[in-house]
Structure formats: C-alpha cells, structure tokens
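By letter and in written order, the chains are A, B, C, D and E; residue numbering begins at 1 in each of them.
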Amino acid sequence: RADALATIEANKVIRIAVPQDFPPFGTVGTDMQPKGYDVDMAKLIADKLGVKLELVPVTSANRIPYLQTNKVDLVISSLGKNPDREKVIDFTMAYAPFFNGVFGPADVMVKDAKGLSGKTIGVTRGAIEDLELTKIAPADVTIKRYEDNNGTISAFLSGQVDLVATGNVVAAAIIERNPPKKPEIKFLIKNSPCYIGLNKDEPALLAKVNEIITAAKKDGALDAISEKWLGAKLPAEL
Amino acid sequence: MNDFTIWDIVRNLLLAARWTVALSIVSFIGGGLVGAGLLFARIGKGRAGQILVRTYVELFQGTPLLMQLFLAFFGLGLFGIDVPAWLAAGLALILWTAAFLTEIWRGCVESIAKGQWEASSSLGMGYIQQMRHVILPQALKIAVPPTVGFSVQVVKGTALTSIIGFVELSKAGTIVTNATFEPFTVYGVVALIYFCLCWPLSKSSQILERKLNVAHRNH
Amino acid sequence: MSLIEITEVKKRFGDNEVLKGINIDVAPGEVIAIIGKSGSGKSTLLRCINGLESIDEGSISVAGAQLLPDELHLKALRLKVGMIFQQFNLFPHLTAGRNVMLSQMVVKKTPRGEAETMAKKMLERVGLGHKFDAYPDELSGGQQQRVAIARALAMQPIALLCDEITSALDPELVNEVLAVVKELASEGMTLLMVTHEMRFARDVCSRVVFMHQGRVHEIGPPNEVFAAPKTPELRQFLGML
Amino acid sequence: MNYAFDYGWLLVYWPVLLKGIGITVELTLVGGVLGVSLGIACAWARALGPGWLRPVVAIYVEMIRNTPFLIQLFFIFFGLPALGVRMGELEAANLAMVINLGAYGCEIIRAGIQATPKGQFEAGASLGMSRIQTFWHVILVPALQRIWPALSSQIVIVMLGSAAVSQIAAEDLTFAANFIQSRTFRAFEAYFVTTLIYLALAIALRQILRGLGWTIFPRRATR
Amino acid sequence: MSLIEITEVKKRFGDNEVLKGINIDVAPGEVIAIIGKSGSGKSTLLRCINGLESIDEGSISVAGAQLLPDELHLKALRLKVGMIFQQFNLFPHLTAGRNVMLSQMVVKKTPRGEAETMAKKMLERVGLGHKFDAYPDELSGGQQQRVAIARALAMQPIALLCDEITSALDPELVNEVLAVVKELASEGMTLLMVTHEMRFARDVCSRVVFMHQGRVHEIGPPNEVFAAPKTPELRQFLGML
C-alpha cells in the first residue's frame, strides 16, 4: 500500500475530516462553509504541505470510519486520546487545548468533581469532556450523553440536566444569548488537549504533521488560531 | 458566533432541502424499478426467486436504514471498494425503497381476484400475457395510493444519509442549530419544510384512495 | 365420434378424492346438464376439462387431441373449449367490447380491426351490441354474464363449459342469460353446464348427468332422469328442490 | 482490506449492549401497546366519532405523519419543558413513539373499520346495541384482524425508528453502538453487531405479533 | 289491536322517493310476505320499521309505541323487533354461541350464565345445539342463517323482520331455513318477510303484500293474491318467476 504522505504529495491534495456541529472547533458560517479551530488547523497543515485542502465534514459517529476507509487522510475533530482508541488509530502530538468546565446555574452549588454527587450532568457523547468526566465523576452521578453540542445545551436550557460539561467558549456563547438560565463555571475539568488522528503505520505522515505542529507552536501560528477561536493563547504545558 | 438571521436560516435550510428532494426522487424512481424487478421474481413461479426476494425483503425491512447506509458506504470502503457518497446513498436508499415497494405491490397483485387468473387462462392466455393485459393493469390502479403514501417515508428516510456526509434538510438543521443554538426556530422551519414536502403526497394518496373506493363500490 | 371423451378421470385434493373415476362421452352438438349436491365435484370436473386443474389419473381428450398439462397443449385446448364462470370474471378495467377483443388479439394475434368486428358481432348475438363501450361495472349482472358468454364465443370454441352461470344473478335476470344459452344450443353449440335450473335442464338438454360423491351416479335423457330417477340419492336430490 | 476486525470490546461492553437491547425492547413494548390503543381510539374518532372530533384527530395524524420522528422527539423533550411539562428521556421517548404509532395506527385501523361490511353495523344496531357497543364488541376485532399484517409491519418500523431516541440520551441499542464506538473507535464492529441485533429483534417481533394475531383472532377470515 | 301500524310512510333518498305512502297494519301472530320487483322498496320498508332508516313522513308504531329516531326509543324498539338479513351478518370473530349471547349481555345486561342458557336453548330451537362452539366460517350458509335467527330470537322480540333470508343460500340449503321460519310461524311469532319463495309465501303466510314502485299495490290472503291477481303488474310479476 502506498505511503499516505507520498500519495498526498503526488495528488497535491489532502483530505481532512473536520466537525461541523461542534463549535468552536467546527461550525458553519451563514454561507454554510465550515469554520472553526479545527478548520483553521486543517488549512494550516495543507498550507505547510503545499497541497490543496479538501475538507470533509464529519460527525462523531462517522469520523473514524472515514479515516479507516481511506476517505480522508487526517481527522482533525478535537479528538481525545485513550488506550482503546490508540489501538485503532494513531495520534499526533496535541494541536489544541480544550478548556473544559462544568457549568451550571447559580443556585446549584458544586465546586469539584465530588460535588457532582447525585446530580445529572449533560455532555456531548464521545467528546473529550465525556471521556474526562466519565473518569473523574463519582459513581452516583447520572451522565446524559447527547449526540452533539446542541443536544447538550438544549438539555441544560430546558432543565433536563442540572449541569453540563462543555468548553468555555461554548458556555460563553450561551451566556451571550442571555438565556433565562445562565451557565456559570463551577470548576475546570483537567485541561485535556486534542490530537489529530491518522491511520496506523503511517510514520512519514505522522512525523510530517508533528513537525508542522511543532513549528506552528514556535512561530505563533497556533497561538493565533487559539486566540481567534478560544479567546486565549495556548497554555504553556501544551 | 451567531450571525445567522432568520432569513439565513430559512435560506440555508431550503438550499439543503434540494438534496432531500433529489435523493427522494432518485430513491423513489430507482426503488420503483428495482422493486418491479423483484416483484416479478416474488410472484413468479421460480421457487429460488421467491425465497431470495423474501430474504432480501426481510433483511432490508428488518434493519435500520441508518445502519444500511453506514454499511453501504463504509462497509464497502473497508473492502477497498471506494464508492462515492452519492452512489452509496443512492444504492442503499434504492434497495431499501425497493424492499418496501415490492411488498406493497405484491399485496396489490395478490388482491386481484383468482377469477381473473382463471378467466384469462381459460381464454388461452399465457402467464406473461395474463400479467401484461389482465393482472398488472388492475393491480397498478390499486397500487397507486399506497405507493404515493410510501413516498412520504422515502422523503423522511433521506434524512439518514447524513451519516455518510450528506447535508440534506435534517443535517443542515443540526448544523445550523449547532451554530446558532436556536433549536426551536431551526427545527420549526425544518418541520415546516418537511410538512410542505410530505403533505401534498399524503393528501394525494388519500384522494386517490377515495376515488378508487368509489370506483370499486360500483362493482 | 365423440367430441369430448372423459375416461376414468380421478382428481384428489390432498387426501380428499373429489373425482373418483368419471366417464362421459359428449357428442358434437350435445347439450349436457350436470346436476348434483354441493361438493359432489361438478365444478372440479369442468375445471379439469378446461385444464384449470390437472387430473391425477385417467384421460380427457377434446376433438381427438389428448389433454396434456403443458402450456402449449393447454393453450390449444382452451382455443377449442371456452369456459364461463359463476362470477362472470369480466376484466373490470376494459369495456365490454375490449373484454371480447382482448384474447383474440393477444392469443390468436387477430388484427385489431377484425377483432373489433368479431366483438361487435358476438355482443350483438347476446343482445348487447349497444353496450360495446360500457364498462363491466356499468352493466347489470345479467348483462355482465352475457358479455362473458360473448367473450368466450369470440374465440370460436367448439364447446362451452358453463359453471352455474346464473347462480349469482337476481331471479329476474336469470332468464335473459338462459335465453342466450338456449339459442346457442339450438344453433348446435356443444354445451356442458352445471346448473340448478331444473326446468331449463329438462327443456333444453339432451342428457343430464347426476353427480354424487365424485361419481357419475346417473346419466340419461332428461325425461328419464327427472321422471324416473333410478337411485334413492337422485330421488332425494330432486325432492329437495 | 487492511482493517483487522476486533470484537474484543464485546467482552467489556456487553452490559452496555444488553442495557441498550433492554431499553429498545421496553420502548417497543410500551410504544406498541399504548400506540395501538391510541390508534384504535383515533380510528374510532375519525371513522365513527362525533363531528367536531374528526378534524382534530385529522390534524394530529397529518402533523405526525408528515414530519420526521426525530423532530417530534426534540419538541417533546426539549420543547415541552418550556410549557412546564418536563419528563425524562425515557418517558419522552415513549411518548414520542406512542404519538407516532398512534397516528400511523389510526390510519391503518381506520382502513380496517371502513372495510367492515355495512351489515355488521346494522346487525349490531338491529340487536339494540348502541354505536359504541357495536364498535367495541362487533367491529373492532374483525377490523384489527383485517389489518393486522399492516399494523405489525408498522410496529416493526416504529421499533427500528426508535433508534432516533439515542439523540436525547435515551440509552437504547443505537446509543449503545454510538457509545461503544466513541470509546473504542470500533465503529464497524459496533454497528455491524447492532444491525444484527436489530434484525433479530425485528424477526422476533414479527413472529410474536403473528403469534399474537393467532391468539387474539381465533379464526382466520375465510378467503 | 294491531301490533305494527304503518301509516302513510314516505321515504326519500335524495330526489328518489322510494316509499310513497305505505299503510299496513299487522296483527299479532300474523305472517306477512312482502313480494315485488327489485327496487320496489321492500328492503327499505323493513329497514324503516327497524329504525335502520329514518322515515320522512307518516308514522310507524310497534306495540302501541311510536317509533322516534333517538337512541333510547330506537333501542326500545329493537328489543321488540328483531331483524334478519340476506347476508346473515354473523359476527365472524365469535362462535355461534357467543354470537347469540353477545347482545343479551351487552344490551340487556343479562348475566353470562343466563345468556348462555338462553343461547343454548335458541340454538337448539333452530336445530344447531351441537354447533355452539363453531365459528361462522365453519358453518354452511343455511346453518349461519339459522344462527342469525337464533340470535334475533334470543332477544325475545315480539316480531321478526326477514329480508330475503334465503336468497344468498344454495338451493339445497333454502329448505332448512324455511323449515325453521315455518315453525316460528306455527308457534305464533309475528313475521314480516320479504321473499322470493312463492311456494312458501302461499303455504305459510296469512297475507301477501305486493309492492310496486314504492306503493302497496295489492294486499290480501295468498290464495287471492296468487290465484287472482287484480293488477296487470302483479300478473306480470308472477308470470316472470
């Protein structure tokens, strides 16, 4: 089988899976064109490789099959890592921070993971916050896993869950819309970063992408993207 | 983050609805053709054909369309067969539609009185001639209302193609909601568009049915 | 020579032996009434003669040709023998005229013009020339049955099988159909008819067959059969009516 | 093919699958029983009920049949709380399925009622039964018998359609598949296994409904 | 005093006046045959008496009580007058016994045990005691019709309306039903029956009503009506049969 990097360079095009339903990493503008952190990251990589970029919008259900059936070369979809996942695909180095928090209305008193005890908390299935929260939550927490961010947010706004775990930027966007129930930050979940996914046994591509990420961290390109979409510079430890 | 106006929402949804319509038409026409072929195998004399079609129908009516689409697109991909999304979507929807239409039509053919078969054979007609001149013209007539009625299911079924990357009406609704966090506006419009697409179909199916019933009463 | 020869015909449905060895010879131009209780096998016999049911034993030959159960032989047979049913079985999506034309055009490949002329003639013959363009559901039962007769006649059969062709009709409509049959008989058509109309059987038929439990129990000219039934079964059957 | 199938996750995640099957079955059971009941009530209202009720039921039926199930589900789960009606995802899922099957069932059962020979109504009436009594004791069972195959198919369709409830975090079979694949990235295996389970459920459900038909309706109608 | 009084009854379907002023008085125990051509309004008259059709003018009273078209009056009427139809209209999902029990239990709130006893008795009376547990589709037409009679009788009506109750039966089965009716008549039941069985009408009925174009054209004892029809219409009608 041909080496993925070689194929990309030969075809002069890279196909990258990005989310469309997971702001601020992937969403759409009024022209329905994808935009967001992941999209800019994809553009950056294509740019550095000097090839054309083909964006493939994906959902949490089909992003990995796209990769495995070679319909895309990379998945940039705010992927979190776990050992099971690492058996199936390879991950690059981290390319984005994820400011995850648990949010809730003012009258719900929670300060840390233990405080979640007995509460119902909404989260987007398969997202980083889902993986992390599942790890740290006490046994008597009810975690409701929705299909996408909208489900999670709607569940919170309609009172179907007491709390939600989501990204800062998402929460900020909600507050901006001035809903009757304002999500306040309760505590931060471990600042777990996101990785780019690619097929196994592609050392050349892996090395190349890692190289691009390293360079982008150095020259401030990633900081710019982070500032634009997450409202903060990359944290130092990333 | 949210710079969508109502008009942006409606416009984008309407644009996406074009996919819904296109997919519906393709699946309906394709499904009709395949379904007709299967129908002949199902009501024909060949035992193997009958069993094959029955298994086929059981399979496609017994599993969620979502999974069929997934397996058609990614499953074939796993075996190195790179089907484009439109082909996989078309294929899965057509096969799914065909399974239902075959069954609907079989019911119609079987509802034709046995006397029609006997009268035409006693006049010396062969199987094909009976079908062509006596059975199908009658079956076709009673098949129209349930067939049109089923087209509503096809329209709604196209929503599931989002699993393989189609941004049709439902998916567009999800994407826009995730950009705007205004589920009620967006899904309200989505529901309305679906209603506008489906209702004329259901209604005409009902009207056709009523017409036929009136016609039947004269017998 | 006989036109229809039925020799030792047996027919089973599963375990149920419905015909237990039937022998009848029908001469050309004969009009035969088949009578008997419900379930005695009358319809089954007619259906066997027309090839709608296959026979298990024995043989049936029509105009010298053996009845064999393959498409080709069956088609040839059905061109010689027409059948008319209790339920008319007109094709509801075609007009009376088209009903009569269809099989001529499809089976015999008669050109449309000729078929139409023939259809007109046959409808005329059953007194329905003016109903050429009417659909079956616009006709009364008696008229529908007459169209069915015209449809069978248009294939120019040498014999006609009629299975209780007046039983589904209101009493007042029975006569118009029987009148047509009577005329056919007088024109020399060979007829085998299952019927409950004893008066008609007596007046028109050359022979009467009384079936009982899958057998021809009595057979003979009507004046003998009706006036002097030999078996208690026939006597009982006639008394019942 | 360069993909190595791996079903090792089944060892770890089978409780999730099992729970998913349980919930799908429960949703189907409750949705089926209540949905058919609602369908009967609506069919009665539409075919024989008082004049004012008919358009009301007609509007309900048309609205449900011409919009996607998922959106009905969203309105019930996310929308109703705004009106002060809050229910858990399972209740919402159940309600949506009942409402959905109720609308389809209504049309199917109504067809069965309308195919009832007029003589049955008259026989009931001439024996002194009221319209409701005639409907309940005389019309309903043969009407159901007439359309039982169509109704059975619809129930299977609703069972398969229940996959959508995973979107409101109801932990049905499809949720299980999605959950497992989100942890293990074994999407093919997860979807393949669930597809087979759905197929088995559909076949079993069809058989059960057929058996039920045989017991409820003691006689097969004469052809 | 007459049991059923029909006075100047008129009934229209749209523009079509089907009953044009009917007057008949039926004394208790009378057996009346209604004859006439198809479409003359025979069924409509019976249906009006049973309240299945509302009347436009005139009045009908049964056992002194006026027929009014509300549920309560209708129910009271139908407890007094039973009706039997050409198509039997048995409830296909219930056994013969349950067919007979149902209306007793539902309408009269008879306890199950009593209803069952009554059902047994009535089925016995029509000669079908052994068919209590048979479903309608396991019975012959004649048996089905007798169950229908038992069902009507179980409500203990004071009169029975029969609309061509033997027309859907094979000729052999007609007699078994007529025998039951004959017995009812001899036991003093008041009967109004539309029938095509002239022999039966002649032998059993006290009076014959000949309807023509929505009117009672002739009425009288059978020997008068059949032997010396006064009007050309009746003469023609009788000649037709």
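Criterion: a contact is a pair of C-beta atoms (placed from the backbone, for glycine too) under 8 Å apart; a residue touches a chain by one contact, two chains touch by 3 or more.
It should be emphasised that the depicted structure is a prediction, and the values quoted were computed from it without experimental measurement.
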item: Any chain that touches chain D and chain C; value: B, E
item: Shared chain contacts [chain C and chain E, defined touch]; value: none
item: For chain C, the least number of touch steps when starting out from chain A; value: 2
item: Whole-Å separation of chain centres (CA-atom averages), chain B against chain C; value: 46
item: Distance from the mean Cα position of chain E to that of chain A, given in whole angstrom; value: 81
item: Centre distance in Å when chain B and chain D are each reduced to the mean of their C-alpha atoms; value: 20
item: Centroid distance [mean C-alpha coordinates] between chain E and chain B, Å; value: 52
item: Residues of chain D engaged with two or more neighbouring chains; value: 3, 74, 78-79, 187-188
item: Per-residue overlap in chain A, given as positions that touch at least 2 other chains; value: 61-62, 65, 68, 154
item: Touching pairs among all chains present in the structure; value: A-B, A-D, B-C, B-D, C-E, D-E
item: Chain A residues touching chain B - in the complex, by the definition given at the top; value: 20-24, 27-30, 32, 56-59, 61-62, 65-66, 68-71, 148-150, 153-154, 173-174, 176-177
item: Residues of chain C touching chain E in the complex; value: 37-38, 167, 170-172, 175, 196, 240-241
item: Complex interface listing, chain E residues touching chain D; value: 50-52, 71, 74-75, 78-79, 82-83, 85, 87, 89-93, 102-103, 106-108, 135, 137-138, 148, 151-152, 155
item: For the chain B and chain D complex, residues of the former touching the latter; value: 58-59, 61-68, 70-71, 74-75, 78-80, 103, 152, 156, 159, 170, 183-184, 187, 190-191, 194-195, 198-199, 202, 213
item: In the complex, chain D residues that touch chain B; value: 1, 3, 62-63, 65-71, 74-75, 78-79, 114, 153, 156-157, 160-161, 163, 174, 187-188, 191-192, 194-195, 198-199, 202-203, 206
